[in-house]
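Note that chain A is present in both complexes that follow, paired respectively with chain B and with chain C.
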Partner chain A sequence: MTKLKSECPICAETISVAQNIEASEIIQCPGCHNRIVVSSVNGDKVVLKEAPKIEEDWGQ
Partner chain B sequence: MITVSVVGGSGYAGGELLRLLLQHPKVKIKEVTSRRYVGESVTLHHPNLRGQTDLYYKNIDKLSSCDVLFISLPNGVSMNYMDKFTKLAKYVIDLGADFRLNSESSWSKWYKTEHQKPDFLNKFVYGVPELHRNEIIKAKLVAGPGCEAIVTILSLFPVVKHKLINLDKIIIDAKMGSSQSGSKGTDSSHHPERSGVVRTYMPSGHRHTAEIEQELSFAGFNPKVSITATAIEMVRGLLVTIHTFLNKYIEEKDIWQAYRTEFAKEPFIRIVKMKSGFYRFPEPKILQGTNYCDIGFEIDKYTNRLVIIGAIDNLTKGTAGNAVQCMNLMCGYDEKLSLEFTGLHPI
Partner chain C sequence: MKLKTGLKLALLHSTIREDEKLIIREAEKNHLDLTILDARYQVFNPHSWQNYFDVILERCLSTTVGFQATLFFERLGMKVINSSIVANNCDNKFLTSLLLSEHKIPTIPFALVFNEDQAKQAVKQLGGYPLVIKPVSGSWGRLLAKVNDDDSLEGIIEQKQVLGSPMQKALYLQKYVNKPGRDIRVVVIANQVVCAIYRETSHWITNTARGAQAKNCKVDQKLSEICVKASSAVGGGILGIDIFETDKRFLVNEINHTMEYKNVQRVTGVNVAAEIIHFCQEVAKS
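And now, the complex of A and B:
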């Protein structure tokens, strides 16, 4: 299957995603291993954003 | 198969070395020496090795020839034996400080004694594979770095090389485990005094300053580092929090790029900077017994500060594991041999 290329919004690693990927899918960056969300897919253009994270109270 | 002996095998670094060498598929341990425990069983002092070896400690004067000789002696001792050691073995790897520095004056400045073998200083390769792999492959003599030094050097090397930080303002806050002070007890290591401490024992003047500056002085760079060392409640492990200041406004992607460029193919370096999970940045707890050096970072945009966090097990990547990695390179083996333990979780 053809892959589309995009860039990790956190570490700038090149990320290949399946051509049939859909907006709002969550993937993991192979460079920084963080969770990335597919923001939009428009033809060959895939826009990735940092996935929303669960804020934690670290006891402060 | 090669024969290997360990000089000074009763201490914690020696014990860690024996643990790694006993599981090495290409190594046969020939002899282990100890000044204090001649004739006693190795497993008496390293009980984790029970069932793995029947070696007894020998006197250093009875040492015979071997292929690789590891030296794990207190600072200032191995230099007195180095003529003998180099006659006994084709390869010598010294875990102590005696041959880490390139210059006699630097030794005198930081160790406050005269060096007894200055003619050997330039014969040793500083044993950080990530910086000197090609030299180590060809080397007969390797000096293992200090544990605090290696984690700091690895953490800083990419951002120095890529000219991202101000080299005059590098502040290293190091948190140390108790095994770093060795297996010999002192008044300050007595359990009621040591347990539970957060004890800053060296606010300035740490001797590893010399080797850190030496290794980061390349291509015309001349960095100045300031170290503060604090003992904490931890047996194995070392965490450095390094405060640096960026030369200009950059994004974290640029920092990622620098680390990726220098370390992407390194088997024992991991960049740890997670947005979720419990272990978001390097943490020595989960590195116990492993040869990994975990490095993380974050930009403080308010002050343009780059905080770099490095963690290792001081006895493995900080000493014995790194030495075995060097031996693997010197002997033409896969450098990961006997070093692929992933650590434990939970621990």
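And now, the complex of A and C:
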């Protein structure tokens, strides 16, 4: 599958993501290992943002 | 997307995990009309809300976000899976325990207290140490404490009272159960067992989020019966039931209403996402 390219908002490393990535998905930056959230996907334009901190009421 | 059934489904979330992606892919495969809604970016105003869905699958990572959104959609007359009643019954571990004991379903002896003196009385009532203190609403095996003696009980309670949020000050106590290096997670949908895994680890906390290994678990008649009863006790729907094994019997520990199931799907080979979608369609049609 072809990959889309974007940039880490923290360390500016180029990150390639799968084409079927979804907005609001969380990934890990291979450069700085921070958690990054997919802010939006528009065609082949993927915008990444720093992911929110894990909260007490998350998950099960 | 081409509509096949004409039903409008929504996936309500607050972060897309692998679990949600499995649902999205399954819906695509079946050409379903699925709207992906991030609850964090909606305005929940009944006077301006425009969208109608036949069923909303609530899969929020944040329990708080998921619960408020569920209340909203239910009051607008939409069906939400799981319902706010089921969500509340499961989110609150004390309430789950009360429901299980009310329905005479084997569970772990428990008590809820707010202070050290009452905690010590509860320890006696529960038959002594060790026991486990946990938040009434918690997840991923976080903020649990195994308490072996009065000294640690006093320390833990003081820490919670001084440093904890108000919810952490409700002290939910359970007798500690000596598990055989694993517990069981059973997926139950519409009061029927779908599949199950063992969660194996040398640590007493067996959440896969804490590193336990998932292995396929065959569900026998006895386990199936207790899970079906536990599911009905909290109101049914899509549930992940945590079970402990003891020499004599199975005990229900807790029930999850927006279970993570990617590990279950991977090791059992059962397409849980497909079962979830199927159940949503059934509810939408009903």
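Throughout what follows, the second predicted complex is superposed on the first by the 53 of 60 C-alpha atoms of A that agree within 3 Å, B and C clash if a C-alpha of one lies under 4 Å from a C-alpha of the other, contacts with A are read in each partner's own complex, and residues count from 1 in each chain.
Quick note on the criterion: contacts are C-beta pairs under 8 Å (C-beta built on N, C-alpha and C of every residue); 3 or more make two chains touch, one makes a residue touch a chain.
What you see is a predicted model; the values in this text were computed from it and never measured.
Contacts of A:50 after superposition: chain B is touched, whereas chain C is not reached. By the touch criterion defined above, A:13 lies against chain B but remains apart from chain C after alignment on the C-alpha atoms of chain A.
Contacts of A:22 after superposition: chain C is touched, whereas chain B is not reached. When the two structures are aligned on the shared chain, A:37 is found in touch with chain C, with no touch to chain B. Within the complex formed with chain C, the residues of chain A that make contact are 20, 22-26, 37-38, 55-60. Contacts from chain C toward chain A in the complex involve residues 13-17, 20-21, 24-25, 36, 38, 61-64, 137-140, 142-143, 165, 209, 240, 256-260.
Contacts from chain B toward chain A in the complex involve residues 252-253, 256-257, 260, 271, 273-276.
Taken in their complex, chain A has these residues touching chain B: 10-13, 31-35, 50-51, 53-54.
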